[in-house]
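What follows is a pair of complexes built around chain A, which joins chain B in one and chain C in the other.
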Partner chain A sequence: MKKTSKLALDGYVWGYLMVAPTIIGLIVLNIVPFFQTIYMSFSKSKAFGAYQFCGLENYIEMFKSPEFWKATWNSIYFCILTVPIGVFLALLVAVLLNAKIKGKTAFRAIYFLPMVVAPAAVAMVWKWIFNTEYGILNSLLGKNIRWLTDPKIVLITCAIVAIWSAIGYDAVLLLSGIQNISRTLYEAADLDGASKVQQFFHITLPMVSPTLFVVLIMRLMSSLKVYDLIYMMVEQSNPALTSAQSLMYLFYRESFVAGNKGYASAIVIWTVLLIGIVTVFQFIGQKKWVNYEV
Partner chain B sequence: MKSMKASKNVSTIVTYTALVLGSVTMIFPFLWMLLTSFKTQSEAMAIPPKILPSGWELTNFFTALQSLPFTNLYLNTGLMILFRVICAVVFSSMAGYAFAKLNFPGKNLLFGLVLMQMMLPSQIFIIPQYQMLAKMGATNSIFALVFPGLVSAFGTFFLRQAYMGIPNEIAEAAYLDGCNKWQTFVKVMFPLTGSSMAALAIFTAVFAYADLMWPLICNTDLNMMTLSAGLSTLNGQYTTNFPVLMAGSLLAMIPMLILYLLFQKQFIEGIAMTGGK
Partner chain C sequence: MKNMKRMAAGLLAAGMAAGLVGCGGGNQSGAAADGNVNLTFQIWDVAQRDGMQAMCDAYTAQHPNVKIEVQVTSWNEYWTKLEAAATSGQMPDIFWMHTNELLKYADNGMLADCSDIVDTSKFSEVSLSNASGSDGTLYAVPKDKDTVGLVYNKEMFDAAGVSYPDESWTWDDLTDASQKIYDATGKYGYMAYGDDQLGYWNFVYQNGGYILNEDKTQAGFTQPATAEAMKFYIGLQQYDWCPDQNYFAETAPGTAFFSEKGAMFFEGDWNILAELQNYPEMQGKWDVAVLPKAPNPVNGDGRATISNGLSYATAANNKNLDTVKDVLKFFGSEEGQRIQGESGAAIPAYIGLEETFLGVFEEYDINMQVFLDMFDYSIQSVNNASRPEWKSKVSDELLKIYAGTVDIDTGLQNMQNIVDAASAG
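Up next, the complex of A and B:
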């Protein structure tokens, strides 16, 4: 009896020692900053880095700002533009890669390529391709579309690049989900004379739906907090900036360019709430279409 | 039977056509970047566009190398990735093992902190993190670049799962052989999670390399920037000189591209393993 308790105590000590670096790090780097950001969103910055509580002032100012509402809409619109098409195309690529074909690894590597190059570099080449006067795309189309400066088009342009960047990553995740589906299901369907299209809708889609759900949630969250791609594609001097500015772009400009850290904190809190709401709806909605029975 | 074979051939052709068309779309931007980086500015802006450059001179690359301190950028990015990977793997292994295999009071509560960090977007921490760094006088340093990645909640979560997959009997056998908890971990359990640690290392490296907001904020001195951040300053410097911009972008992506070509399988499988983050 005494021995086991000593053993348990030994386990306690090692347990605490081993989680200590991570837990201390999380408290200092994340937990305390989390509460500080909440506090800052209710305060105004004063001289010498001091803060003064100001109640809901930042939030009132934020809700009155057209720029803020535009940024909120831009973030949501960006999701609408990128998530359904992007995930659909990724699923398509995954299904194609799952077929019995030669050069599978080569194809997979090619689609995955944008993942390993920084978004900053990716944005640079796309800006060149989309350039109004000299870009190759307008030359090929024989048009003069202002891809990056027309307020109506600029976010669509960014969405195209975002979809291009994410397809390979999502496809690799979906492919590993598809590969887990038992071959016998397809063999049985073949014997019953089901076509490939029928097999996709009645076997592949339901069986891969848990993975699809994870990809969808992940893509929604990262699209709602999009920043780097738009920052690189649409610089702050671009006349179409307000038509492309996402919430996190606005956050960056308010906190680190304009120095309104209290106001910026309110923006980030709003974004977290928005992501939370969307995620909750996703989890409610999943019951209708995600199939967890194996 | 014959018609079935024919339809199979048709579907194979459709599959290949779709995959090849997709691949062309994926590769074209990189190819165009490469071709443009060798053109003169007037060649790049020629109407109708010229596909191939007239010569293969490296002028644009030299201009890019002069405009940005690339040696520093490579070094800063490399060191940031190295330290973030070491921190993530070492600390997350320890914590992941403890959460998976040891019992101590408050374990679930502490693991709750890990999950909470994973749920929240990193931007919610960024202003206080910056203020902390500024108070320490540590902006414009390698430490600043590593700072938010000193510990990894995701890594802890991920490696906890790896350790949970290892049977308890292995640890018990080591314990009976006279290993204490720490020795059991270091000598027996830790080496068993090799593939998970490699996946975490790749995941950490890829995302650290891509990160833009934090490096832009914490290191404003050009000599202390990462490749991504440095590239964004080039953006304002040469708004219209696309050959130089392409050469600079190419220089920034080459190291990771080479690593990817060498370890393509590990990259993709590592990311697939960590998938869902």
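Up next, the complex of A and C:
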């Protein structure tokens, strides 16, 4: 066996000491509660933190509940609605913001603004815009679309707001990726007579793909975990609630409104698994299109 | 670019762990060594802050060694926060209790017994029940009491040539007037929406039905009197003069009323002052009346209004229990209740002091007296220990009836089953 030298040991001690604040924080705030949640998902919860082990009961009840499957589908549907379009638009905005135009900084600030505004305020304003009777959108369109109460439309409405709020942030990430691309590549392409469109597809897109991948993963995770936006847009007195209720909304209602913390934990574990599976597929899929070579 | 890949993996791990699991915090307080006591007092209504502060100031003026800090937490977070605090044994020293939640806290032994500091002869039976646990013991000091009234737009009544609502009104007058106003002005009449305390509960009890039986173990949704009232109330949205639930999901009835889209809705007395202040251009155009009565009640005289009441409570394991209970005793005394009433915060629960609440309304042209008159036939707000559990489920069921995905008889049966199952424990 190799003996660790005193110097190396000193190094370890200092190393661990240095990372301790972060690690302790992670353990106390994330890792321990994560395992507690797993335990809670196998328990019946009573008021004020009392738990009783009940085996798979919560999961059986959950898988039998149509409300739960509806919420699962709602979360997935929300992802389908927001992620492809949202990331595509963010990329478009990033490319445009990288162009040589006047007032570029102002535009960047404008696109980033939704990120700075509190989600609650965003939802309030959009709710008025979408109001069936008195909203500006219906009055502009001259139609009577029930944006927030028609079960078929309500999630699309939420998706529009979600895309609008996220574009700026994603675009800034992608913009930083684009700006990391060496100018020489474009200069060489210009010399070879490549058009701007060709340059986008053959230089920009492959070179920005690692950032794009990160953005995609983050967006998928946050879409599957969506809660605050839908909570704000679709009140609990809305008849279309079951058509808009995401997994995390259901979790909130079970956990904090009805007080079923055990059952709610089972929903969380299910969501973690769902996100895990989707992400694993993304990591497998990335080999096909993400380019890590310079 | 290799580090990009690592960054992606790192983000994955962090993203999955964070956000999915949360944790709550609590408040800490205590006695200092020098005999000074610092107490925290948690409430949810910012409009009542000054009234509460005035009450605390009156107490601390007599007891200079006590300091009380009034903290306001919004209604939406209040119960999440309080439950987390109770779980970790760090509740505020004094806090408001609501009938929806009181039994859950009282029956689980979270609240200190207050029976020795309340003069029960000074509070009505409804007030005392609103502050009692399932075992009948007082676990809180009654703070205020409220009733629900019929708010109406005088201009719309005038335009339609209908006389204003009064004690003689029945449900039929309510629908007739609504129809006439709709015909004459095109505005909505009575706005009936999916709410319990400000909605169907009143109708159910007027009709002689009940939501929970006497010993609170069983629901009454399938009782004929209850079912009849529920059908009447839910059926109101079928009329042209009443917006449907989709409308109310986007526009609260109060918002519709004060933007002059509708002529009538049910409102609690605790909202009136804020509405007078927030809609100055509407002052003088509207007034309040007692609730209309059931025309053919199965039992009783057809009169009822839901009366809720808040109370002050403290934790059973509070470290300064003696001091805190002395403060609570003051809050429940004539002097404390008078300060609360005169501040316009709420109608004092203390019998004989109700009129103090009217003072702040003198400058407005509104008949607040009707809210006090209705105490004669007020019904205690519906609750039992499992109410937090069934409240949202019953409301979901009501929405399904409104949306037409469930017919009303099935819906009522479902509500019955939900409440019965939850109440059985």
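The rule is short, and it goes like this: the second predicted complex is superposed on the first by the 262 of 294 C-alpha atoms of A that agree within 3 Å, B and C clash if a C-alpha of one lies under 4 Å from a C-alpha of the other, contacts with A are read in each partner's own complex, and residues count from 1 in each chain.
Assume a contact is a pair of C-beta atoms (placed from the backbone, for glycine too) under 8 Å apart; a residue touches a chain by one contact, two chains touch by 3 or more.
Computed from a predicted structure; not experimentally measured.
Overlaying the two complexes via chain A brings chain B and chain C into a clash. When the two structures are aligned on the shared chain, A:131 is found in touch with chain B and with chain C. By the touch criterion defined above, A:75 reaches neither chain B nor chain C. When the shared chain is aligned, chain C comes close enough to touch A:238, but chain B does not. The partner of chain A that touches more of its residues, comparing chain B with chain C, is B. In the superposition on chain A, contact is made by A:292 with chain C only, not with chain B. When the two structures are aligned on the shared chain, A:257 is found in touch with chain C, with no touch to chain B. Touch criterion met: A:27 reaches chain B, while chain C stays clear of it. When the two structures are aligned on the shared chain, A:204 is found in touch with neither chain B nor chain C.
In the superposition on chain A, A:246 makes contact with neither chain B nor chain C. Judged by the touch definition given at the top, the superposed model places A:146 against chain C, while chain B stays out of reach. After superposition on chain A, the stretch of chain B that runs into chain C among 44-52, 116-124, 188-196 or 260-268 is 116-124.
In the superposition on chain A, the residues of chain A contacted by chain B and by chain C overlap at 26, 29-31, 33-34, 36-37, 49, 131, 133-134, 214, 218, 221, 225, 235, 256, 268, 271-272, 275.
Residues of chain B that touch chain A in their complex: 11-12, 15-16, 18-19, 22-23, 25-27, 29-30, 32-33, 36, 44-45, 47-49, 91-92, 94-95, 97-99, 102-105, 107, 110, 113-114, 116-117, 120-121, 123-132, 147-148, 150-153, 156, 180-182, 185, 206, 209-213, 216-217, 227-229, 231-232, 235-236, 242, 245-246, 248-250, 252-253, 256-257, 259-260, 264-265, 267-268, 271-272, 275-277. Every residue of chain C that touches chain A in the complex is listed here, in rising order: 1-2, 4-5, 7-8, 11-12, 15-23, 79-80, 83, 86-88, 104, 108, 110, 193-195, 245-251, 388-389, 391-393, 395-396, 399-400, 402-403. Contact residues on chain A toward chain B in their complex (touch as defined above): 8, 10-12, 14-16, 18-19, 21-23, 25-34, 36-37, 40, 49, 92-93, 96-97, 99, 101, 105, 107-122, 124-126, 128-129, 131, 133-134, 136, 139, 164, 167-169, 172-173, 175-176, 196, 214-215, 218, 221, 225, 227-228, 231-232, 235, 248, 251-252, 255-256, 261, 264-265, 268-269, 271-272, 275.
Across the complex, chain A meets chain C through its residues 26, 29-31, 33-34, 36-37, 47-49, 127, 130-134, 146, 148-151, 210-211, 213-214, 217-218, 221-222, 225, 234-242, 253, 256-260, 268, 271-272, 275-276, 279, 292-294.
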